[in-house]
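Per-chain residue numbering starts at 1, and chain names A, B, C and D are given in the order in which the chains are listed.
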Amino acid sequence: MAVHEECGVFGLIGPRSGVIARDVYHGLYALQHRGQESCGIVVNEDGVFTVHKDPGLVGEVFTEEILRSFPGGSMAIGHVRYGTTGGNTRSNIQPMTVRHRKGNLALAHNGNLTNSLELREELEMSGAIFQSTSDTETISYMITRERLTAPSIEEAVLSAMHRLRGAYSLVMMSSTKLLAVRDPGGFRPLCLGIRPDGGYAVASESCALDAVGAEFIRDVEPGEMLVFSAEHPKEAPVSYRRHCGCRQTPCIFEYIYFARPDSTIDSVSVHEARVRAGRILAEEYPVKADVVIGVPDSGLDAAVGYAAASGIPLDLGLVKNKYVGRSFIAPSQEQRSDTVRIKLSPVRSVLEGKSVVLIDDSIVRGTTSKRILRMLRDAGAEKIHLRISSPPFKHPCFYGVDIDSEDKLIAHHHSPEEIAAILGADSIGFLPLSSLGRMSGLTDFCSACFDGNYPAGIPADPRKDRFERKLSERE
Amino acid sequence: MAVHEECGVFGLIGPRSGVIARDVYHGLYALQHRGQESCGIVVNEDGVFTVHKDPGLVGEVFTEEILRSFPGGSMAIGHVRYGTTGGNTRSNIQPMTVRHRKGNLALAHNGNLTNSLELREELEMSGAIFQSTSDTETISYMITRERLTAPSIEEAVLSAMHRLRGAYSLVMMSSTKLLAVRDPGGFRPLCLGIRPDGGYAVASESCALDAVGAEFIRDVEPGEMLVFSAEHPKEAPVSYRRHCGCRQTPCIFEYIYFARPDSTIDSVSVHEARVRAGRILAEEYPVKADVVIGVPDSGLDAAVGYAAASGIPLDLGLVKNKYVGRSFIAPSQEQRSDTVRIKLSPVRSVLEGKSVVLIDDSIVRGTTSKRILRMLRDAGAEKIHLRISSPPFKHPCFYGVDIDSEDKLIAHHHSPEEIAAILGADSIGFLPLSSLGRMSGLTDFCSACFDGNYPAGIPADPRKDRFERKLSERE
Amino acid sequence: MAVHEECGVFGLIGPRSGVIARDVYHGLYALQHRGQESCGIVVNEDGVFTVHKDPGLVGEVFTEEILRSFPGGSMAIGHVRYGTTGGNTRSNIQPMTVRHRKGNLALAHNGNLTNSLELREELEMSGAIFQSTSDTETISYMITRERLTAPSIEEAVLSAMHRLRGAYSLVMMSSTKLLAVRDPGGFRPLCLGIRPDGGYAVASESCALDAVGAEFIRDVEPGEMLVFSAEHPKEAPVSYRRHCGCRQTPCIFEYIYFARPDSTIDSVSVHEARVRAGRILAEEYPVKADVVIGVPDSGLDAAVGYAAASGIPLDLGLVKNKYVGRSFIAPSQEQRSDTVRIKLSPVRSVLEGKSVVLIDDSIVRGTTSKRILRMLRDAGAEKIHLRISSPPFKHPCFYGVDIDSEDKLIAHHHSPEEIAAILGADSIGFLPLSSLGRMSGLTDFCSACFDGNYPAGIPADPRKDRFERKLSERE
Amino acid sequence: MAVHEECGVFGLIGPRSGVIARDVYHGLYALQHRGQESCGIVVNEDGVFTVHKDPGLVGEVFTEEILRSFPGGSMAIGHVRYGTTGGNTRSNIQPMTVRHRKGNLALAHNGNLTNSLELREELEMSGAIFQSTSDTETISYMITRERLTAPSIEEAVLSAMHRLRGAYSLVMMSSTKLLAVRDPGGFRPLCLGIRPDGGYAVASESCALDAVGAEFIRDVEPGEMLVFSAEHPKEAPVSYRRHCGCRQTPCIFEYIYFARPDSTIDSVSVHEARVRAGRILAEEYPVKADVVIGVPDSGLDAAVGYAAASGIPLDLGLVKNKYVGRSFIAPSQEQRSDTVRIKLSPVRSVLEGKSVVLIDDSIVRGTTSKRILRMLRDAGAEKIHLRISSPPFKHPCFYGVDIDSEDKLIAHHHSPEEIAAILGADSIGFLPLSSLGRMSGLTDFCSACFDGNYPAGIPADPRKDRFERKLSERE
């Protein structure tokens, strides 16, 4: 296990056409919200892999010239990645391509293993060397080591899965096959679609299927492996369910914040789950107010639910500046503004003299929320009732979401009442832990960040930089 | 008159500080929606102008290194511009800086003159040469020619205003003064704010005042000129109202689409005007339906109004991909997708089996609307009642909004019923022309694009490329 | 007069072909040594000008994509420019294009006027405004003002020439004509060639004719104007010699340093002139030595001459690092190296224990020479006899060469003997002033930088920043 | 074995200073001629490696901002690389950094193994996976596998050397040591220097020592390993000579073309070797002529020798355009020029009516030579006697020089007389094979490209793309 990674994976197989890299490009555009640090595409043309990957957004890394430089092919995979910046991270950019005894393998991975360090040590004992700090390299090794003796790449992956602990949604290519794998808990999402030409797409979220004109078929089941063949690209994938049937623990945070509202994950509409969260908040924390306001973009869906259930009219009281991107230079201390004020602006006519219900998806450190409340007060809001469409954030995630260490989580240290006082809210309400099931419609899921119950355990060394530390202690 | 330009202007004056270029940078970020093609900043340090301007978004053109290269100063102006791309347009990027008999002048301009060609011919007769095709150069000449005999830059501007016809909101700097001017009709907006340190800001929209921590004081009156002095940067501006008192004709389209909803223009909240448009649509075109959906971002405010007035619940049925920017490479013909489908995604659970009221701000060619309706049908919408928060678009604009020639305007050729049929809507309703006053709360305004009444006339040669044509016919 | 500029100009006319911008590109590549700060190309297609110009080297500014974006056309001009960097200089990049009463004009200019400030003041009196600080804009005005009354562009240029003082080699285009003009003194070079397809090329140096496959015909005569017609692109140019016959004062420094050795200027081979300079040095300052070494690249030709005349063998004792370009980051004070040592390396085997004659083209401040001598001593040279293929540099240039103000010229303050002591040379010899004629084979020329005789006078205000100063003193 | 690579390696160790990355940067600048495709630097700060590597020239990849982002440290290594372009090559960029059982290892490599494919297969058998096609990865594996059992990194390297066949000059870093290794044949150069602060530098060529102010101590001996300790950075390196004493086979082509003339390799000055080659040519192929001309830059040194031995005067008859770099866009077929004519220009006055001895370092395909001769004829040369300072090129290189497959080598198919006829030379003379010893002063060396005797054998599959082929034949 290494750096925390939020990511999106994508794969395509279909009748040969000249545009497969462009299709992957559009699929990755739809998954961009899952990772903005780097991205990559690998096209497989008759067993030869062509790779391009670099730091940057999809629209920055892939120019017309680069898309044109890809060959045609019947299979391709892609990846978007979020991670911490730094000189060494270029080697962590995915997909990863490796050459092994039996051929080539390209991998795109979303999730985090909890036993990566143990597996790495074991691999190193038998001579493995590592060029990155990513779990993807660990997984590559586990699979290719199994492949030395396994009769096929399929069997190698199934064997390797016995050893991997934690969260992993994988899209992989060998010379002749495309493979999609979801860990037995199903922490991270993965779904399957079919295209009008008979080809198939697999993606982290269903919104990426829409982006390439594919029709959603179903979610990949936790523990399931789908295998597509380049030789028969229009044939339905073979499903291997040897690892299915464990306790299913999909990440509840995908519904709360991470996924796009137009996606459907494990048969649940993300938008609907958020609307239900808003409805629950209205039931649990009713209040007399003039207007319901959502913090764009992730608080808007729950605001719809709160307004509908409470009868308080919904309005758009905060406007987001859509041009503030990675290159934005924040105001300095000497200036009279701050980044939050440039990213978000209040609409005075909506707020002035009003009692406002403000809906946001979560509170992490509390600093942004505090500034938003200050801004609403300055714009004339008389009362602000803060409603949060998730339970208090108290614990770090070890399964693929980059959450601050608990030291910095405001809810780790303070009760809701204290938080309301710190942020300057007249009242506060968090989604009850017990309502996560009703919100999502799921009976079992991972809510470790809220309750501290880690279904796949935690790493031996839970520090974020455990991998780097380990190293500097040696030779 | 030359190329159509939608633009934003910004100006600052205040006690000397090291960060004036950064403040302008943040002001321009807030105006970015008014022009994404190019931008520029001019800082005035003791009469010496430092300029940086280039094609690109504010966040692309101004890097940390470039912001640092600006000197301090007590005055600065900035500009964002929309225009057609092309090899020749670099010379049109604003602000423009000129040296004339009596000193230096920097200009930033939003609007379009209707007598630019006549003025240029007259100027050329007496030896003027032009390096761009922009009205800004024409205005520079008119002002500096007057300055040859006028006793001050103020008098020169006031004299030049007698000759200019059309729309112009100007922010200008001489060596020692900052000037803000709005044409007698007040076509384009311009407002004034004060900063905590006693300095002043002028901007196309009030949202830019917020971005730099300035408090809105009032709109610049149509025909008014405000003059600030570098010597006394905290002194209130001198107001010259010699050109005030004409018929006021602010652009109604600013409220419908162009301005940001958190801005207030001529004492009217843009958000509220849009909400009222939605209410009027609900009264004029009531319909039985399950859900109200706005097309993001510009249809959302009116959707709030329609939902409130009709009692039909509002929901978020379309999701916008916020990463699709200028570098996006659209799907090719061979691919199974289109740009609209990647920019906008339907939320199936909101639409499936529903009767939908869809709110958009305007219909220009109709091609995008047609694709959106197709997409909603594919996502299961049973009925689609299209409601447009503006009257049918029938005529080109000659005052600063880039609207397609009337040949391409769908409403120029078709009745509402025909448009509904073409787009595949079950019913359609446009905001009645007679309701524009109620919507905006204004008694007089320019609605030429809807009714063809041009308060400042039309250019002698109304073709978009009239300037280029003219030239190639000579020598 | 404004900023000092060293530049190269280029023009083409010929039967319509799709590649005229590419030909200009290759012509500019050959002139790159004349200016590395910025460059530009204007193509004339049936009277419509397409411009691209930007800061940077020819190979940086013009990409394949940009070259492809130019239309075909029968005429085009180009420019490379050297100047000081700074925020304001973008407006000085050439060619300049202006629209005037009678049409369009594109200009590329090499040289400096001495009466620019006077002309600007006169023009400003009658309402001219300036957007740059370059002489090119002054010249544009002078020509277009004359064109108001002159019956043709030719007559306008001839009239304007009566008013211009100083150095100017111009290549210009109207809608239908290409014009090449050299000032009556002929300060800067300009030559004419014919292409295999019957078209013509004009260029600052003959090496650029070679680069586009044109055969050298002759130099443009001082004071001459050549006019080519787009209608008859294969017809020989019409020559106007109204301003010919003045005292000819071509710049002697072109032969010494500025021009490329494979160019021929005013019938004199630059390489041969440099070889002759070396021969003269051998005669005037003979010395007993083991080897003759030239400082690359500009000292190599004279070293050939010195070796031939003296009988001392020539060797290559200094190697130039050809990769050190504009982006090179110099060693810091803490490091044990310096830029000169990375740009130039001594060949120890050539120098060790040897008595060396070191040939360089000129000494300006003396700092680089001092480091080179230090480096040769470190590499084992026992004696170093420095021979300079030009007279001592004592005066600034006002005609287009960027020479340091005299304060910084080592020869302004020190005798040759003192210079030898400062630099650490065992002996020194400069080309005698009286030998410049023999060296160049010319009977009359400008050698103001050596003798202070300025054939076209000096500007009223000779300070480099006189233009900027002037301005900040006004309004 | 994989892609052919010409490369330069560099390493530094010394007392802690803030500028070690800058010193490596300057060292790489001096080695840029050895590889222009990509480059990289790794700094070791207390065992933590910071890497930056990318495609491009040293001056493009390393900006001020990037150099500043490196930490200080007492050790660093760098690499410049030449290779074929393509989507997959990013993974081949060096230095390579790997994490293994016992720590970290960074490697920079110049050369090519001949048994890489065999070693890779063996490694794959035991579970190795490969992310690149470079020999460097093979070497990393060999060393780290040995390290599993070896008591130290030194012993691991010495053991691995028993298995490596072919050419390798290596500069490596562990957490605490810097290692420099040269293969037992000494195919590629490697030398050692000491810096004024007591630290050490190792480099492919001595010119890079000069660039960082280091004094040349001696060449690393073929088969030798030098080990420096971070703990005692000023202590002399420990030398391991277990692999010394084999037949020494340094590459003769370094002297002929590849190395810089100011470098000294294995105690022989490159410049002097080239001068001797010119002298030998004058003795072997005397001719009556007017002038000796070298093709810049690599033919100039031999031209000095030919002129000195023959008494025929040397002149500079060809001028190189120093601005033609990687971004240069070659003339198209329709244009009347070609790339050779823009890169090189004849000096007519030197050539016209003359009998010319033209010296070049080698002839590969013959196409460039043919164009140069054509150009000299066009410039008036009456006779052209071509003298080549190397024997005819007949065989490919498998030890690190990128030479065309023999099919394309003109000397593989034609006798010297035939070549003279094809190129249009009046006579031709190649350096006799038997003179290579006298030229270089060496008694033993590799001249396989001339005589086909491969001292380290040839790869099992000698095709350039053998590695890629191999793969696509599997799984």
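Note that in this section a contact is a pair of C-beta atoms (placed from the backbone, for glycine too) under 8 Å apart; a residue touches a chain by one contact, two chains touch by 3 or more.
The shown structure was predicted, so the numbers you read here are calculated from the model rather than taken from an experiment.
Colleague: Among the other chains, which touch chain A and chain C together?
Modeller: Looking at chain C and chain A together, the chains touching each of them are B, D.
Colleague: Determine which of the two chain pairs, B-C or C-D, is joined by the larger number of C-beta pairs in contact.
Modeller: C-D
Colleague: Taking CA centroids for every chain, report which one is farthest away from chain A.
Modeller: Chain C.
Colleague: Taking the mean of the C-alpha atoms as each chain's centre, how many Å separate chain B from chain D?
Modeller: 59
Colleague: In angstrom, rounded to a whole number, how far apart do the mean CA points of chain C and chain D lie?
Modeller: One centre to the other, that is 37 Å.
Colleague: Need the CA-centroid distance for the pair chain B / chain C, whole Å please.
Modeller: 46
Colleague: Which chain C residues reach two or more other chains?
Modeller: Nothing qualifies.
Colleague: Contact residues on chain A for chain B in the complex?
Modeller: It comes out as residues 17-19, 22-23, 25-26, 29-30, 32-33, 57-60, 62-64, 67, 195-197, 207, 210-214, 260-262, 264, 269, 271-272, 275, 297, 300-301, 304, 307-308, 313-316, 319, 321-325, 327-329, 331-332, 334-337, 341-342, 345-350.
Colleague: Quick check: in the complex, which residue numbers of chain D touch chain A?
Modeller: So the residues of chain D in touch with chain A come to 46-53, 69-70, 87-88, 90-91, 96-105, 121, 124-131, 133, 140-141, 144-145, 148, 153, 174-176, 468, 471-472, 474-475.
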